[in-house]
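First comes the structure, then the notes that go with it.
Labels for the chains are A, B, C and D, by order of writing; each one numbers its residues from 1.
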Amino acid sequence: MEKEEKTSGSEIPNLGLSNRDIARQRLLNRDGTFNSRRVGLPFWETFNFYHYLVGVSWFKFSLIIFTGYVTLNLLFAVVYYLLGVDTHLLGVIANSEFDKFMESFFFSAQSFTTVGYGRISPVGMWTSSIAAFESLVGLMCLAIATGLFYGRFSKPVSKVLYSRNAVITSFKDVTAFQFRIANEQKSELIDVEVRVMFSILRDENSNSPNRKYYILNLEFSKINFFSLIWTVNHIIDNESPLNGLTKDDLTKGHAEFLILVQGYDDTFMSNVHSRSSYRHNEILWNSKFANVYGFDDEGRTTVSLDKISDVE
Amino acid sequence: MEKEEKTSGSEIPNLGLSNRDIARQRLLNRDGTFNSRRVGLPFWETFNFYHYLVGVSWFKFSLIIFTGYVTLNLLFAVVYYLLGVDTHLLGVIANSEFDKFMESFFFSAQSFTTVGYGRISPVGMWTSSIAAFESLVGLMCLAIATGLFYGRFSKPVSKVLYSRNAVITSFKDVTAFQFRIANEQKSELIDVEVRVMFSILRDENSNSPNRKYYILNLEFSKINFFSLIWTVNHIIDNESPLNGLTKDDLTKGHAEFLILVQGYDDTFMSNVHSRSSYRHNEILWNSKFANVYGFDDEGRTTVSLDKISDVE
Amino acid sequence: MEKEEKTSGSEIPNLGLSNRDIARQRLLNRDGTFNSRRVGLPFWETFNFYHYLVGVSWFKFSLIIFTGYVTLNLLFAVVYYLLGVDTHLLGVIANSEFDKFMESFFFSAQSFTTVGYGRISPVGMWTSSIAAFESLVGLMCLAIATGLFYGRFSKPVSKVLYSRNAVITSFKDVTAFQFRIANEQKSELIDVEVRVMFSILRDENSNSPNRKYYILNLEFSKINFFSLIWTVNHIIDNESPLNGLTKDDLTKGHAEFLILVQGYDDTFMSNVHSRSSYRHNEILWNSKFANVYGFDDEGRTTVSLDKISDVE
Amino acid sequence: MEKEEKTSGSEIPNLGLSNRDIARQRLLNRDGTFNSRRVGLPFWETFNFYHYLVGVSWFKFSLIIFTGYVTLNLLFAVVYYLLGVDTHLLGVIANSEFDKFMESFFFSAQSFTTVGYGRISPVGMWTSSIAAFESLVGLMCLAIATGLFYGRFSKPVSKVLYSRNAVITSFKDVTAFQFRIANEQKSELIDVEVRVMFSILRDENSNSPNRKYYILNLEFSKINFFSLIWTVNHIIDNESPLNGLTKDDLTKGHAEFLILVQGYDDTFMSNVHSRSSYRHNEILWNSKFANVYGFDDEGRTTVSLDKISDVE
């Protein structure tokens, strides 16, 4: 595939995205997730808890941490309670068995977080040992919780903004396929590369329709800085797989343009990736993207990112 | 080697995998570990404790952490006990010397984890100093323990699934060597590259047999996304080192195909690597991989990863 | 753009740095920041708190951490105070309501940091629960604070020193554009690459002035080690976009040279980037950089980094 | 330089390693450090504290952490002492002013590490506030200490073992320059690349001696796995800068071979780099490296890394 990238419109393998002879639905969603599902493997072989905790919403993440904290403390509370509150926990203030259990629970929480006020303190071999063990367990579990918390907080976000539509328009005497992307964040992206794959169903009315994939040649596929906005441009020349195709052809062929953007984020010091796609009905024909440049009061160039999708 | 990768079947160096004139055993195990051993260096020069603790099983890891925790606390307990429990530890509740030692131990654990209930507290210059020192030591040691714990938890796993067998089969009028790999995890792998090396013993009955290594040219060696499944394909043309070889030749030559898969994991934001190999007796001749695609109830494409090894 | 880098002086896209028909001001500041602004998006979509906290000055960072610490403790103090200090906080020493509130505040701080002296300790269901919750919240928040603190401390700094001016001078019978960079840090930079882009306003007096961007071919664009100093050299041959341009032309065209340096830092084990630029009025014509090499007392080569900008 | 790497013996720039017309001493030490010094910049501009703490010996590192811990606690102890021990620290056990200061010190340590036994506890606005502040400061400072501690512990080590000497020997009818490297660690290195630069002083007896640098073409410059041992091989053909040079020429020219090894460590999931060099007097002429392969009792291939420097 590396060699073929040089030519305009080389066919590439089907990417494992779809059954060869169907896939009339969208392949890649606008948010970059794939529209296919793997089946046949037991849940635990494909599930990764870390992966889940990194990707889940902040609300669910907080709930999981909180629930885990309460559950573990309840478990230890039961142990302390069964070992005997009266004799093995010093300083307990309780009027009932329920109070005693709650004091066990709070003692557990104070050991788990290593806050250890000491109003309640362990006495005797077993309770002291369990408490010493709980502090170690607490430190280890909280390492996961705080590590994930910080990891989620510091995770690079590359909010690449895509224009709502792509356009097929005339440009410098030739027709071109274009879309715009913008760097929504204040950080600089460096060495940004865009790859565009075009997919279409061939012989869609025959008995053996066949989904084909092509990589599209771009006028520029890599830029050094990506500070503001970039109009990605594929010129539809004779060698382009789009050559001669009409709006109707794209619709019949369930055509889709898959976009892959990657670069290096200077602030997060990490590679960032973004995916999106344009389906045939998201292509505007004979439209041109509108100007987004202007000036501020101090004469500096401004770029209106809210106009990224504007066409004229 | 870079230049040669372009041609189909170029010889490459022996990779340091084996003695040139023997190696009739497997070179690379199915799980990606090498079947050779380095000798001659003292243990401590080749051993790396971090490396060991990252790779060891969860059970052994927990045992090591727990044992280290108990051992360090015992050491400090001995110091506190020798410095005198009665005069230098306030609040000790003990009926015997053993009880006093245990109180020293629990005080040590409470200092080490910084839980510091305070029922037992240090008095006097020496015991207070040792306790202040122990808290620092504890924080440092626990940084290693919790760092490793989190590091193991968050370590990228690229569970690349390999088909049980490779096949040599006819494909588009030519014969091809094929195997299938699948991405077992839910994360997307990006820019995945596969390299296949073929190794065979030449002149295996002569006095100077010679193990040769070749890099095999692949129809596609790199794909942009690796969401689901990929059939890796080497076409056996005139320039392939496999050209003209029969099943019998591979067996006599103790042939082996070494596989290296690498890519970028979007979730773990890290490069991932996977290795495996197929020996001559793991090649199915004239078989074809079975279809793995299907539909779910909502009409979405599904891929049955449990059928990855199915042939027809 | 990749292909074009081979030729000397190929045009490249406008980088999204400026409006096509103006930009008479500086494009890139000497410190590597861009001289343009994005507008039109709501503040919260472009703002990233982590990004802000990593980039802010140490003084502001400390102030934010301290203020956050005090604020959160005040919030919890209010809760403890409202739940009742007399009945639910044991050991409070207070003569007035203000004292009670302050004791609540200090108890909160002792719970938040998990120092938990225990002179003040929680009693009763609600206060104990809030305290257990606060310890968890404290650990999570402090993970962010300490993580950022360490992250800022360990952030790779690639202090690339640029000569104050670039020169256009004769060198080996041809004219060349040159500037010097030095590695200010003691760490070694490996595989350092420099890219130079030249930008000039064409037809600047016509109705449609047009800012053009070119990538300049360098005598050497990549070096294996960057230990000390490097004179970056673009030879102005027939194919150079600088060919035939006079000092006056550069001034009229608001010419600017954009510099991008990147490499791998051996100590921080991370990629590092640096940007700078030279405007037309920062070019010295017919000057030559002065010698920076010398010897120390032991006969070792020395490089005087303070002479990096010296010309003769 | 990229293009030139294809040819055997292309000249490269002087790397900023040495003054053009001298440098008769070693350029690069065997351990990979450079034999030159930068001067002229104030200490604080070139010094990076993190960099220093990562590279310093374990003994010095421990000493710095310990000294920092004691110093900070002394500072806070002075503050607590001046604020008044009798009235503002509860539970102090002291017979003298010195005892009171020591109790302040231990209280400080207990706050700094958040162990907070509570035998000594702060009372009153000022002391409580300072204690709350110290716990925050302690957590931040300990984040640096523990972060560095873990960072040093988990730092990738690529102990590349170099043969003591390089050899110039005949190999396949041609003469070749060879040296051996081994992977001392148990981890696998992937995609290992070796680059060899040859440096010699030309016209060393003239008035203008000139140190030249060449990149040497290697038979294989990159291997996929680096499990055990690798003999790096430069064939001295007509285009080699070594062509026609005798042992005497190398000595007169103060010749030196600079070695750069880099790869990806599978265990540490990080790029690793190693540098070394061979001077003219470290080249053995007409020697051949001895065999290092053998078998263990189970018939597996073994590689004796202690024989890496053995020649025959």
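Note that in this section contacts are C-beta pairs under 8 Å (C-beta built on N, C-alpha and C of every residue); 3 or more make two chains touch, one makes a residue touch a chain.
Nothing here was measured: the structure is a model prediction, and the numbers come from that model.
Trainee: If you walk touching chains, what's the least steps from subunit A to subunit D?
Mentor: Minimum step count, subunit A to subunit D: 1.
Trainee: Give me the step distance from subunit B to subunit D, shortest route via touching chains only.
Mentor: Steps on the shortest route: 1.
Trainee: Which one of B-C, A-D or A-B makes the same contacts as B-D, at least in over half of the residue pairs?
Mentor: Match found for B-D within B-C, A-D or A-B: A-B.
Trainee: Do subunit C and subunit D face each other with the same patch, meaning over half of the contact numbers show up on both, or with different patches?
Mentor: Looking at both copies, the contact residues mostly diverge.
Trainee: Check B-C against A-C and say which one is joined by more contacting C-beta pairs.
Mentor: A-C
Trainee: Where the CA atoms of subunit A average out and where those of subunit C average out, how many Å apart are those spots?
Mentor: 25
Trainee: Just the number, please: Cα centre separation of subunit B and subunit C in whole Å.
Mentor: 36
Trainee: If a residue has to touch 2 or more other chains to count, which residues of subunit B qualify?
Mentor: Residue numbers touching two or more other chains: 110, 114-118, 142, 147.
Trainee: Applying the document's contact rule, which stretches of subunit D touch subunit B when the two form their complex?
Mentor: Those in contact with subunit B are residues 6, 65-66, 69, 73, 93, 102, 106, 109-110, 113-119, 142, 145-147, 149-150, 153-154, 157, 159, 182-188, 190, 219-230, 264, 266-269, 293-296, 299-307.
Trainee: Residue numbers of subunit D touching subunit A in their complex, please.
Mentor: Subunit D residues touching subunit A: 114, 116-118.
Trainee: In the complex formed with subunit D, which residues of subunit B make contact?
Mentor: Going through subunit B, the ones touching subunit D are 1-3, 12-13, 15-20, 22-23, 25, 34-41, 45-51, 54-55, 90-91, 110-111, 114-118, 120-123, 125, 128-129, 131-132, 135-136, 139-140, 142-144, 147-148, 151, 155-156, 195, 197, 260, 262, 270-271, 273, 275.
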